[in-house]
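Before anything else, here is the set of structures, which you'll find just below.
Each of the next two complexes has chain A plus one other chain: chain B in the first, chain C in the second.
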Partner chain A sequence: MGVNLTVGMGEIQVVRGAGNVLTALGLGSCIGVCLYDPLTRVAGMVHVVLPQSQASKAGDLPGKFADTAIPAIVQRMVEQGASASRLKAAIAGGAQLFQFGVSNSLDVGARNAEAVVKALREAGIPLQAKDVGGSAGRTLRLISDNGLIVVRTIGGAERELAVLGNILASSGVAA
Partner chain B sequence: MSAQPEYAFSEEQFDALREIANIGMGKASSALADLIDTTILINVPQAVCVPIGDLPDILRDPEQVTAGVYLQVTGDVPGHATFIFDVQSAHRLAGVLLGMPEVSLDELTASALMEIGNIMLSAYLTAISDFTALQLLPSPPVMAVDMGAAILDAVIANIPNLDDFAVTITTDIYDRDGLISGTFIFLPEPGGIQRILEAIGMG
Partner chain C sequence: MNGTGTPEKLQQLVQTIRDLPALPEVVVRVMRMTEDPRSDAQSIAKVIATDQAMAARVLKLANSAFYGLPRRVSTLSEAVVILGFRTIKNLAIAASTFELLNREIAGYWLQRGELWRHSLACAIGAQLIAHKVRLPVVEEAFVAGLLHDIGKVAINLFVREQFDQIMEHALQNRIPFVEAEQEVLGFNHAMAGGLIAEKWNLPPALVSVIKYHHRPSSAPDKDLMISVVHLADILSITMGIGIGGDGLYYVLEEDTLAMLGMEQADIDELCEQVVDQMAQAANLQEQPEVALR
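Take a look at the complex of A and B:
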């Protein structure tokens, strides 16, 4: 039986096999990071809230910060049988919802996106697709059957962002 | 950084926070009632400590389209105050204020809504300030129309030293005819709760 899990702020969820769905509801300036191993169908999502953990304490949720979230979710996925070298990523979120009277220094969304991209690069995980920035919140879903990523904004239908399990479209996987 | 986790507060202390929220909401709701000439009711405020991942549970439907007015609080109790109303209420409130029966959410109605939110949030903070003799200074408000969860998400991401748990003080507000409903959410930053409690001799 597949599960349908919601990924709240700072949370990491990892599932294995087909039939599972991971969802981050209403991403504002936060970023939903989807990782997928096409071979084992280990799928993971983390809901990153802030760019850096400089002021973090021991015991802090690693999923809260971009720099700690990526290593933590990779480890969780490897524990579930994924290979770190096969992982592919897609990200969504990082909007700036509040449009009036907000200075650029408050644009956490853009800083989050930057920090997540950097953390993925450092982990050597190819970023297959991203839907970041703008001013609208997003709901992000990852379907574990084939690594399908869909994004929905208000007033819009769900649209496909990527299929991380599409081996033909990727160069990083040896068939 | 916080000296102690907020979830260590006692039930009596949470009761005191609810009472203070009640005082604030009394002022905020009468400010709205004066503005639109309708009786406004509030429910019993909730004060709870929840994992940040569970915060959207405050909302009845996290994906529902809402209008959110948000301001940052500085001074003795740094925190984050947000008023979220469903989009039908937002239309209705703006329509009443602007003297038009049907409005769409354009720039004019957005600024009217932002002003309503600002008046209510300021009334709330001033009442708490008067009661505790602490300074709660509101920043200029900002507004967004989006999924309720996305608005909360954007507010939370403005808390730089975010803990894994957050104390939220929430109150639902509505009118008797079921035409207007909204939720007030006050999120004090770590340490802010302690200062409120100390100010009223409950620390």
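Take a look at the complex of A and C:
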């Protein structure tokens, strides 16, 4: 029986096998990171809130921060039988307040996106697709059957971002 | 485009607000009693107890991890003594507005529970900011944050009819969603919220926060609390907590951080604290019956 799990802020969810769906609701400046191993169908999602952890507080919810989230989710997925070298990634979120001419003092969305891309690169995980920036909220879904990633703009259309299980997919977007 | 909102539409809004439930008599009495130094815990508890659903919800909230009480509180008078008059007043207001704020707000593409989550995050954020800037009325910040978007409940149906036009107007003219509401509908959710707060006879300072939470600099009273709630709201929006179709199409007034003496590093820390406290508060959404066990 498949499960349908919501990935809350700072949470990491990992599932194995077909028939599971992982969802992050209401991504603003946060980033939903989807990782997928096509062979074992181990799928994972983490809902990253901030770019960097402070050394003093690391440990409580590693999924909150880009720099601790990626190593933590990879470890969880490997424990479920995934191979770190087969993992592929897709990300969505990192929205910002709309630029209405005045300088924008809250750039957490852009910093999040940058930090997640960096963390993925350091972990050697190819980033297959990304949908980041803008000022709309997003809902992100990962379907474990084939690593299908679907993004819905809140109040707008739903679209397919990537199929991470597609063996023919190229080795990643330029990051 | 200004003024396309017809007088009939404004009339309809006033009617909609008139039709919204009044603040329960219990809350009005609790608000009055908690301001009166001669009141005692017992009599306040007695008043709350006259409304069973309210009593259950207050107990439930008091026992949530959010308040971190060392042991379980089983009676209302105990809750009043331990949490204090101000917190009890806030709990009563929170409990009484839960039904309204927990509704689906389809006009903004908010599923049931999302506006409540957003309001709670703003309340938590406002309380944290108020504490940080040493505002003497930290408790009031919580209520103000909780109620800041109450106007969305009233203008929901109007926005639903014209959401696409409002969004298009915002994008085309590069103005925030709330200003596009004003120009397309003839009113906006902050103004509508102010009308509701007035209808409920809430204190003038609170009415002002709700009315000006997107434009603190326009408020006649220049109360710092308005900037506190403004920042807490923008933070909750940015983090996507209870975010709707209006997304991040808002602005942070330019001098807000400077006025509050805060920097980017403080913002990151605040975001983190809000996330942590929201996780603790997650069980506030459960049904009140649980509290009776």
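Basically, the second predicted complex is superposed on the first by the 156 of 175 C-alpha atoms of A that agree within 3 Å, B and C clash if a C-alpha of one lies under 4 Å from a C-alpha of the other, contacts with A are read in each partner's own complex, and residues count from 1 in each chain.
Just so we're on the same page, contacts are C-beta pairs under 8 Å (C-beta built on N, C-alpha and C of every residue); 3 or more make two chains touch, one makes a residue touch a chain.
Since this is a predicted model, take the numbers as computed values, not measurements.
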Taking the superposition as given, does A:G137 touch the first partner, chain B, the second, chain C, both, or neither? both
Identify the partner contact of A:V49: answer first if only chain B is touched, second if only chain C is, both if each is, neither if none is. both
Between chain B and chain C, whom does A:K64 touch in the aligned arrangement: first, second, both, or neither? both
On the A-aligned overlay, A:N112 touches which partner chain: chain B = first, chain C = second, or both, or neither? first
Now for A:F98: first (chain B), second (chain C), both, or neither, which partner does it touch? both
Looking at the overlay, does A:L27 come into contact with chain B only (first), chain C only (second), both, or neither? both
Chain B versus chain C as contact partner of A:G156, first or second or both or neither: second
Once the two structures are superposed, pull the chain A residues common to the chain B and chain C interfaces. 8-10, 26-30, 49-50, 57, 61, 64, 95-98, 100-102, 106, 108-109, 135-137, 154-155
Of all residues in chain B, those that touch chain A in their complex: 1, 51-56, 62-63, 65, 68, 70, 110, 114, 140-158, 160-162, 164
Going by the contact rule set out above, which residues of chain A touch chain C in the complex? 8-10, 26-30, 49-50, 57, 61, 64, 93, 95-98, 100-109, 135-137, 154-156
For chain A, which residues count as touching chain B in their complex? 7-11, 25-30, 47, 49-50, 55, 57, 59-61, 64, 95-102, 106, 108-109, 112, 135-139, 154-155
Interface residues, chain C side, partner chain A - complex: 108-109, 114, 163, 167, 170, 174-176, 234-235, 237-252, 254, 257, 264, 267-268, 271-272, 275-276, 278-279
